[in-house]
Amino acid sequence: MKKVFLIVLIISLLTLSITAVAKPLKVAFIYIGPTGDAGWTYAHDQGRIYAEKVLDGKITTTYIESVPEGMESYNTIKSLAKRGYNVIFTTSFGYMDATLMAAQEFPKIHFFHCSGYKTAENMTAYFGRMYQPRFLSGIVAGMMTKSNIIGYVAAHPIPEVIRGINAFALGVKLVNPRAKVKVVWTNTWYDPATEKEAALSLIDAGADVIAQHQDSPAPQQAAQERGVYSIGYNSDMSAFAPKAHLTAPIWNWGVFYVDVLQKIIDGTYKHGNVWLGMKDGVVDLAPFGHMVPENVKTIVEVFKKAIIDGEFDPFQGPIYDQSGNLRVKTGSKLSDEELLSMNWFVDNVEGKIPETSSE
Amino acid sequence: MLHLKLKIEKRLERFKCENFLISVVSLIISLVIMGIFIWINTGNFADVVETYKELFTWPFFPELGLVDTILKMIPLALIALGLLVVFKMKVWNIGAEGQLYLGAMATTWGALFLFKNMSNSISMITLLLIFGAIAGALWALIPAILKAFLKLDEIVTTLMLNYIAVYWLNYLIYGPWKDPKGFNFPLTAVFPKNSWLPELGDTGIHIGIIITFILVFVTYFIMYKTHLGFELKIIGDNPKAARYSGISIEKNLIIAMIFSGALAGLAGSIQVLGVQHRLQHGFSTGYGYTAIIVAWLARLNPFSAVIVAFLFGGLLVGGEQLQIVMRFPISMISALQGLILFSLLASEAIFKYRIKITKNDPIKIGGEFNGNT
Amino acid sequence: MYLLELKNITKRFPGNLLALDNVNFNLKPGEVHTLLGENGAGKTTLMNILFGLYKHDKGEILIEGKKVNITSPASAITHGVGMVQQHFTLVPSFSVAENIILGLKKTGRFKIDLRNVVKRIKELSDLYNMNIDPNAKVWQLSVSEKQKVEILKVLYEEAKIIIFDEPTAVLTPQESESLFQAIDMMKNNGKGIIFISHKLKEVIRVSDRVTVLKNGRIVGTLDKGNLDENELAKMMVGRDFLFNIKKTPANPGKEVLKVENLVVKNDKDILAVKGLSLTIREGEILGIAGVTGNGQRELAESIAGLRKVENGKIKFYNLDITNTSVKRRLKLGIAYVPQDRKETATCPNLSVAENLFIRQKNKVRILNKKEMLRNSKKLIKKYSIIANNEKQPIKFLSGGNMQKVVLAREFELSPKLIIVEHPTRGLDVQAMEFVYNSLIDARNNGAAILLLAGDLDEVFTVSDRVAIIFEGRIMGYVEPEQSKVDEVGLMMAGVALEA
């Protein structure tokens, strides 16, 4: 009986046509992790929800979580195209080639790829200058440390992460030249157990402020447990460690998403390579914890304004690397090209970048 | 006093096409349970219908996700074919993932460094595929030798070697093999076009599918038509009887592991040459582990393995689509996939055993037996 | 009054194998009553029924005159029956005391008063000179100490009836003696002891009464005064059927097998064959008689190539084949029917046809399935094997038919030497007759046959010459037609006859 029922069911289902008459803009997001990670994917998903709210009625959105990187994601992107989605955001570096391939196959669909560098007529490469708020969070850490040892739980040794560490260390150095930033690599993006272990090892080594680059709040929790301070990442992580969380460099993707989607609706959007900073509102600092004193807040505010106004750049000279070489001369600053391929540490970082290629 | 007792016993008699029927019925059961699960979750019966529709249409229709399903089927089927052979002799190679990695790494080495200037595409691809197969085979040979001569448990060694393979790959793509033009990102350069597997027409499916089908027949032939296959069967059923029959367990173990590793290595090779065209993180989504389940559900039959691999590919592809259409979170998709597996395994147990209710009157035990001699 | 009475116990196993046939057995308090018999005689089955592990088909159990219904080991323990098993059931990481109270019902409902337990164990240990520390972890203990823990467990449960299932199998002679002393003390404290063994010497040492079991039936019971190794051996292996066997006088030809000063170890790494020599000629059956466990199995396996030879030589037509592979011996024409047809001789899930071909002389790379099936059909007919068809898994066959498959396979190798171990164990009379006639036919066709069996009548019916084995050595040879049962019994008990 069951079999007959199933066969009838299948046949009746097959005869249903796939109806997709779409008036509002159909927008899809491809995520590397689960939306509940409180980190990278969460930040993007908050942006999606924000855009849906602001552009109510003009767009509908969907997303796919935990899509593996590499060319296999091509078919996932393609399936969204086949389902009539007009705008597709792919939010991890590993989707770059797949996104480009899909962009070439579906010229009428708008593609946005986050954190890469390849573009096309209908494909934008977008990212944020996270190093700006990271620099500011470095100022906070430099002023709050007593042991002058600041721990940094680093993810994978790629330019984005290295850049963040350097900006952070430069912020520290600005207010506290004696403090060192100790780096431990986890080689993970989301592995709470490993990341917590790494944070604890830094605390054991004397660190009294912990910063991080992964998507899980585990290092925050480690800091809270041991009674030291912490600096989050991606989104406001204070709920996970209210006693430890000083602040966090965070993403505000919603601002960007609303902007581009509105332009697409208006038919005015031009694709290209965009790298958005604090002045665009895409990156920012989370609200300060109650333990952050007023003088710290004031200094941060001063530099925040200077960065937004373009009067100050975290990577302006003089900057020395770990072996004491002058990398950036006084009066000049690093170009975007140099920032995007950064593979050296500034002088107050303790740690090594594993096995760099011999270019 | 009358006792009622539930007794579970093994069914001895079997009926025709039993295995096939078990699979079909358990699939239906799992779908029904899944439907209830969704219904409870969303409170809307229409969602259940919609879910079934997605799961049965998208992955299997040419205009929709069929290509994707087939591309996922190829590595699953190849690895499963290799695993059938070792599982037959009850050796548990769970290192296919690592062997797959080694295949991909060796192929990358060949494509980017050793033979990068080769002009003949066919010979280059052939060479690279063989390279991948050999690397996978050698990686499998390590646990085989450890088991044959030192009696080390292969489950532990193959699993450990998986981790080594993953770390090795990380070392290479973060270090010496990093693309010089890749802005320091952890991936290799794109392989030369000559090394890419050709597509069948413009279907989007590469020739790996032909290799897979050829190997189905090869595996079938080895398992059912050769003395080697017969020996593996004997060892799997009763190693003592194998020794008594003059069969060298060690020799067969090594041969089977080499075969299994070679196929996993080949799958890795095909993935990088046919799909990825470069080596990077996440080039395998755990195919080496999923293939274990595929081999198992196929009941160690090579032809079933392809069918099961195809359905599994469909399940993976359909799961993604359920996210788009139904807005199910990924965790729910994983739960559904697990549910289907669980139902398959559970119904096998239910079919193999039967529950007997016996009236157990202590005074009359064995009363039907006439004990005169 | 008896402490325990077993009346008319009958048990049949699936496949209609009659394991126990109207067995009566009783036990008085303060007595050691031994159950003696070959492997498979039904001793362990009977005790498993008493201990609630099996259900008997017929008969009743009385404890202190009252009829009881024992359904599980737990209910056996509440009735005062305890069993010291052959295989230990201890948790290595737990202490002795923890192991002893594990699964016990008499301790408090929620709380375990371990201190009292330890005290009680200490008392018991001292009482029986066991010298066991209740707080020691089990993994630290030696095999004999683990056994003592098992015994303490039974004593702690205050068992009145204690079963020892082959307790000395794992012990050295010294350890065995101290076990016997403990048993003597338990006896003196009024416990009833059931002792299971097939070793004659220790049975005589420890028992007050001995009941001999054979093929699931009671052969007889002897009291302490009448215990005698020779008599017991005869009871264990004697037989009460007559067969229709067509046996012509032997016509021995060339020497096929020559074993010289063979030394072989058993699975426990102890010497089992100690410098044994023998020869067999074409057209001759050499029978080896002896009580099980005197090196027969190791002798057979070393000739078949399954067991390493430590010392000495095995020659086949004057060719040295010591420690060559099984494959080579198959090619030379050495067939082997092992004693455990399910564990060694067959693959249970493979079909009858496949089992007929697992031992092939010349291995071809490509199988010819059709020919295999055709041949199987022929063999099934020729050896009248009862099976649904040749594709049926062999595990569904009865013991006798399974044995026929093994014999068919080995005879079809057209072997020059056949080693046969316990070929008729568990078979019915007709199947036995078939086996005997097949062996004699093979011998008439010129094969040399080495027959190892526990059953004296079997050895004497079929063999042309009989060697008596004891503790890994040949005690002497007898002519089957003229031998005196007394002499054979003595030799089986280890007394060498003057030449």
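Chains here go by letter, A, B and C, matching the order in which they are written, and residues are numbered from 1 within each.
The definition used in the following text is that a contact is a pair of C-beta atoms (placed from the backbone, for glycine too) under 8 Å apart; a residue touches a chain by one contact, two chains touch by 3 or more.
Note that this is a predicted model, so its numbers are computed, not measured.
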item: Any chain in contact with chain A as well as chain B; value: none
item: Identity of the most central chain, Cα criterion; value: B
item: Centroid comparison with chain B (C-alpha atoms), farthest chain; value: C
item: Two chains joined by the most C-beta pairs in contact, as defined above; value: A-B
item: Centroid spacing, where centroids are CA-atom means, of chain A and chain B in whole angstrom; value: 35
item: Distance from the mean Cα position of chain C to that of chain B, given in whole angstrom; value: 44
item: Whole-Å gap between the CA centroids of chain A and chain C; value: 73
item: Of all residues in chain B, the ones touching two or more other chains; value: none
item: Chain C-facing residues of chain B, complex; value: 12, 224-230, 233-234, 237-238, 240-246, 362, 365-366, 369, 371, 373
item: Residue ranges of chain C in contact with chain B within the complex; value: 8, 10, 12, 18, 21-22, 55-59, 69, 71, 304-306, 325-330, 336, 338, 343-350, 354, 357-359, 363-367, 369, 396
item: Residue ranges of chain A touching chain B (in the complex, touch as defined); value: 2-3, 6, 9-10, 13-14, 16, 18, 28, 34-36, 62-72, 75-76, 78-80, 82-83, 93-94, 97, 117, 156-159, 187, 340-343, 354-357, 359
item: Partner chain A, residues of chain B touching it in the complex; value: 24-25, 28, 31-32, 49, 52-53, 56-58, 63-65, 67-68, 71-72, 170-171, 174-176, 178, 180, 183-187, 190, 275-278, 280-283, 285, 317, 320-321, 323-325, 327, 329-331
